[in-house]
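Each chain gets a letter, A, B and C, in the order it is written, and its residues are counted from 1.
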Amino acid sequence: MLRFLVRRSLGAVVILFLLSIVTFLLFFGMPRDPALLMCGKTCTPANLENLHRVLGLDKPIPEQYWIFLKNLVMGSDDFAQGPCPAPCFGYSYHSNEQVWGTLMDRLPTTLSLTLGGAVCFLIIGLGTGLIAAWKRGTLVDKTFTAGAMVISSMQIYFLGPLALAILVYQTHVFDKPAYNEFTENPAAWFGGLIIPWVVLSTIFASQYTRMARSSMIEQLQEEHVRTARAKGMSRRYVFFRYAWRGSLIPIVTIFGIDLGSLLGGAIITEYTFGLPGLGRLAVESVFFSDLPLLLGVMLFSATMILLCNIVVDAAYAFIDPRVRLA
Amino acid sequence: MTSPIDSPPGVEGGGASVVVDGEEPKKAKAGDAELVGRSPGQLMWIRFKRDRTGVISAYVVIFFFLIGLLAPVISWLYGKDPYTVYADERPELFDSAGVPVQPNGGISGEFWFGLEPGNGYDVFTKLLYGIRTSLGISVAVTLATVLTGILLGVTAGYLGGRTDYWISRVIDFLLAFPAQLFFIASMPVVVSLFVSPRDETPVYVRVVALILVMWFLGWMSLGRILRGTTLALREREFIEAAKVSGAPPWRIIRKEILPNVVTPILVQGTYMLPNFVTAEAGLSFLGVGIVEPTPDWGQMFSKASTELVMQNDITYMFFPGISMIIFIVAFNLLGDSVRDAFDPKTAR
Amino acid sequence: MSRGGRRVYAAVSVLAAGALVLTGCSEGGSKGSTNDKEQKENAERQQASIKFGDAAASKGPAAEVPGAKPGGTISVLARDSYAHLDPGQIYVQDEMAVSQLLHRGLTGYKATSNDGKKHEVVGDLATDSGTTTDGGKTWKYTLKDGIKFEDGSPITSADVRHTFERQFASFINQGPPYIQQWLADTPGADYRKLLPDGPFKGKHLPDSILQTPDEKTIVFKFKKPHPDLPYALAMTGYAIVSQKGDTKEKYDKDPVVTGPYKIQEFKSGKSMVLVRNENWDPDTDPLRHQYVDRFNITFNQQYEDSTKALLADSGSDRTGVSFSNAVDAGNLSKVLNDPKLKSRTVGGYQPYVGQMNINLAHPEMKDIKVRKAIAYALPVTPFVRAYGGTDAMEVAGGIISPTVSGYDPSFDPWGKKKKPAGDPAKAKKLLEEAGKTGMKLTFGYINTPEGQQYSTAMAAGLEKAGFDVQRQEIPAETYYDQVSKLDNNYDIFHTAWGADWPSASTVIPPLYDGRAIAEGAQNYSQVNDSKVNSEIDRINKITDPVKAAEEWNKLNEYLVKDVVNVVPTAYYKQTQIAGSKIGGLVYDDIIAGVDPRRLYVK
């Protein structure tokens, strides 16, 4: 187990390292000069040059990259805006705030959105999927599967504005989605996120319905399940003790991937509902050519994805004793 | 649809007659024994024709592609185009903010699907051309990813060793990319890579850039599957036989391996295409893909999510919304049918 | 799975689609709120000119607001946290609006009517709006008695000297540059060479430039006449900073204020509390009141949020207002069509005028017939539509805004008010006469949703007249940098300009003086017309502001009608709303928003 974790973590670090290089190169291909954005109304060439120097953009790219790596690991006191402890991504060009602080500021929004949504869609999706499998072939099954098929073909950029238009703009049943701190006002936190949760979990749940159903049916045809049934165990017992456990493996895989990419920033969801999470931050960092922020978001998102993948693989061992971690 | 597999002449049906799916060769072999003399392609076609849902879905999908292809003809017959600014041509139909005055988004005998809030484009022709743009881009991406997937996947699987190791690592690396974020970050870069011509609004540059970025992060899953399939095929007797008989590797790949990976390619292809359609629409929705006035499915969604539409003209959002749902559902059903036809024993 | 199941899929898809279609019915757009009365009122405002007031007009206290009573707390909803509170760094509207309560300058605008439409420049800390004896080269100001900072220390001429000298220090980089440029007599940012470190290293401006002979007197000495100094001094950027209390960069978060309110608490990005400043003496202040006990300001309120809260009108929002947030576009027509809600709104112009620049540096654009064809063909409606319709934008005739002294509403040389969608027939004829039918016209547009929308429709309108329009997108964040490059690709591009004070002297010279053409400067159309240049010099010397306004307007007409380097598009408007318990709600044209000084709790 330990060896597995160490090996995978090392692999993840290598990937992150490569990703940071790609992001760095990508940034220097961008057609906009961040210094020009900061320079403001009375911008002279001298000011611009000075800004380039302050931002360190006048140095060769490999040297800039080295400085970035050094700061990330060791932290730095060289920034004009103040000290920057590790993990130091530097200060945002646009807002002059510490990137790590900004990430941590935006994280609760994404966390609330993702985890709340995940709880909803797991319960709904697995529930309906199991019911459909249990009642296989009946009208209930057919309705569930057909409904899931249609809903899973919808996109957040359609269902989201539709929900907003009907629930917020036309009938005024709900407020426009917003993020409020849970610790300050739990009711407002809940009310502000309810529409995003519902929309997110509707779309995701439909995929889990289909997955849970087909995975369950596959399991019920496995030898050991059929043997158990033949030995006279009740259908219910076999269903929930034997098949259920086996059917979880593919679901856990997909859930890990979904959760990772959502935690790294549910870009379209946050954009649709105007929620200030990591996804929105990512879009902003691109629009403002904000290198430190872009690097921060990119690496943070990738870390989330990789972390979830490792956790998923480790979780296999617990669910399915046949799986050995190499 | 025509038979996707042409029996390779001379090689006694090649491997194609025996192996359909590298992962489950036994089942396929069993199915074959009863129907001697037909190629798997013909078998698949017969099975597919029996599946009514699949056939209907195929018709729907073909209908969408036809709409895309014939958009100029239909618009010509209908007498309008998606670029005319009706808010300025026919100001009496709009209020000063560009919302159609008539209820239901200005649907009338003249404007079948109504008028777009804002500049007042004709929604019907805009949707036709939007489908054309989106499908065109998605088909191009699908073709590019399939080619790349074949090239790298089969190479990795067949050659093995170091090549396999490195290609697999590249796949791992690219799979760890935050894809959407990467799309957004790289679109402006890729667009600026092309020297933007001074006189032209470079629509094609955006199209090419979209194709490039989606291709870049789109081929890995297919590549990985093909690698696995090829890896399994490599160990089989008929490949061994070909090797012993002195066939060069290129010939083995072309004549022996490629016909055997057609199944996963087709199945994966039918799953990938709708994904690219929604991904492309997502990018245009975020404002980094196709922009006004070029009609595009995703760009219509981006219009539909403006306050102007949500507040005043909810009808508008249903035209891109429902047409996309129908297309995606039909394509997914078609994908299921194609898989069934190739591999009838899979439990679903 | 059985095949029947998938047939159900299809059936359910059709059903679901049908259900969706049913919810998809919607009403049509608003039938057009008829604002005839308002239009007429606007027409009546013509040429409301601004005078420079004398000592009598500059005496405090300010005239009582009818019905006002003291006490109470007002909650203020604001979108952006105040990035700057140091007067020298303030140049944006929301910070200027709150500064009306905090900072005082040598001069200020006194509203001479209760509707916020008529104004006069008077002395604020100074006894009058300034005296000059040599046509605007030398200006003398005398400070009033009894004026103090919030810490109780008196405001002296040393503080005034400090205020202007620190403008040259490098950390003051966001505020207006006018007076520094006038003192140094240089354009652009070269003025900093006059006093590179500001007053902080013991160097000062010599008496030949800025003289403070005694505790009460300040004399500005310019090389050239600047009759606009009283206007410029009224900007928040030139409000007085305490010499003793100057903490340089830190002053930006915690300034020593002079106005009727002081900052009790400021949590950047969250909230701010203003309370009465006991050291402010109403008898010295002809502009401000101190009715309310407290202002509680909350930040991060988007337009939709503030509109919704104030519409709901419950709890603390009943005494709520926003200084700078407008009613959001989505709610605008609803608010204006409901008489009960409308009574809680105020609206007016923002200082901006939209204009389509025609790039005269391009040889093809040198043909006046082509430019006239553009002027006739250009549809203005797309621009109005993109920003929310006639409630938010008004079709413009000239380049002088209704908020600027000298505005003439009847001026409309290209018939835009009658035919806002353009006149392609006339344009086509002109283009044929010029023999340029089918000519290429490169249109640079700002890459925002609005920019994409209006530029495509404008291009369609121009194409009807026979132009071959090539749209090129420009990223929004660097838009103004791109179009202010001398060697840019664009034949036409849209810009908006707001006057810094209500005189066309902050519009016409920076935008249209041919000698001001420079990389990154604001003469976007690169017009260099000898008559315009000489008229600018002549009018700049006129010391009577009313006379100057008339002359500026004539020059405006000459530019728009005969030079045709720009086509005016629209005057920006906005509507603001307040809670039902708010009294004294007035839209002030100079502040370009609610006047915070007059507010009281009913």
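Things worth noting here:
Here is the rule we go by: a contact is a pair of C-beta atoms (placed from the backbone, for glycine too) under 8 Å apart; a residue touches a chain by one contact, two chains touch by 3 or more.
Owing to the predicted nature of the structure, the values given are computational and were not obtained by experimental measurement.
Common neighbours of chain B and chain C (chains touching each): A. Legend note: the chain whose CA centroid lies nearest the centroid of all displayed protein CA atoms is A. Of the two chain pairs considered here, A-C and A-B, the higher C-beta contact count falls to A-B.
A separation of 50 Å divides the Cα centre of chain B from that of chain C.
Per-chain Cα centroids separate chain A from chain C by 42 Å. Per-chain Cα centroids separate chain A from chain B by 25 Å.
Residue positions of chain C with contacts to 2 or more other chains are 1, 9, 13, 16, 23, 330.
In chain A, 31-32, 149-150, 166, 169, 217 are the positions where the chain touches two or more neighbouring chains simultaneously. Along chain B, residues 302, 307, 310-311, 314, 317, 321, 325, 329, 333, 348 each make contact with two or more other chains.
On the side of chain A, the complex with chain B involves touching residues 11-12, 15, 18-19, 23, 26, 29-32, 149-150, 153-155, 157-158, 160-162, 164-166, 168-170, 214, 217-218, 221, 261, 264-265, 267-268, 271-272, 282-283, 286, 294, 297-298, 301-302, 305-306, 309. Residues of chain B that touch chain A in their complex: 172-173, 176-182, 184-186, 188-189, 191-193, 278, 281-282, 285-286, 298, 301-302, 304-305, 307, 309-311, 314, 317, 320-321, 324-325, 328-329, 332-333, 347-348. Residues of chain B touching chain C in their complex: 51-53, 56-57, 83-85, 87-88, 91, 94-106, 117-119, 196, 198-201, 287, 291-293, 302, 306-308, 310-315, 317-318, 321-322, 325-326, 329, 333, 336, 348. Chain C contributes residues 1-2, 4-5, 8-9, 11-13, 16, 23, 91, 173-174, 177, 188-189, 304-305, 308, 330, 475-478, 481, 520 to its touches with chain A in the complex.
Across the complex, chain C meets chain B through its residues 1, 3, 6-7, 9-10, 13, 16-17, 20-21, 23-32, 328-330, 333, 379, 381-382, 384-386, 388-391, 421-422, 440, 442, 447, 449, 452-453, 456-457, 460-461, 470-473, 489.
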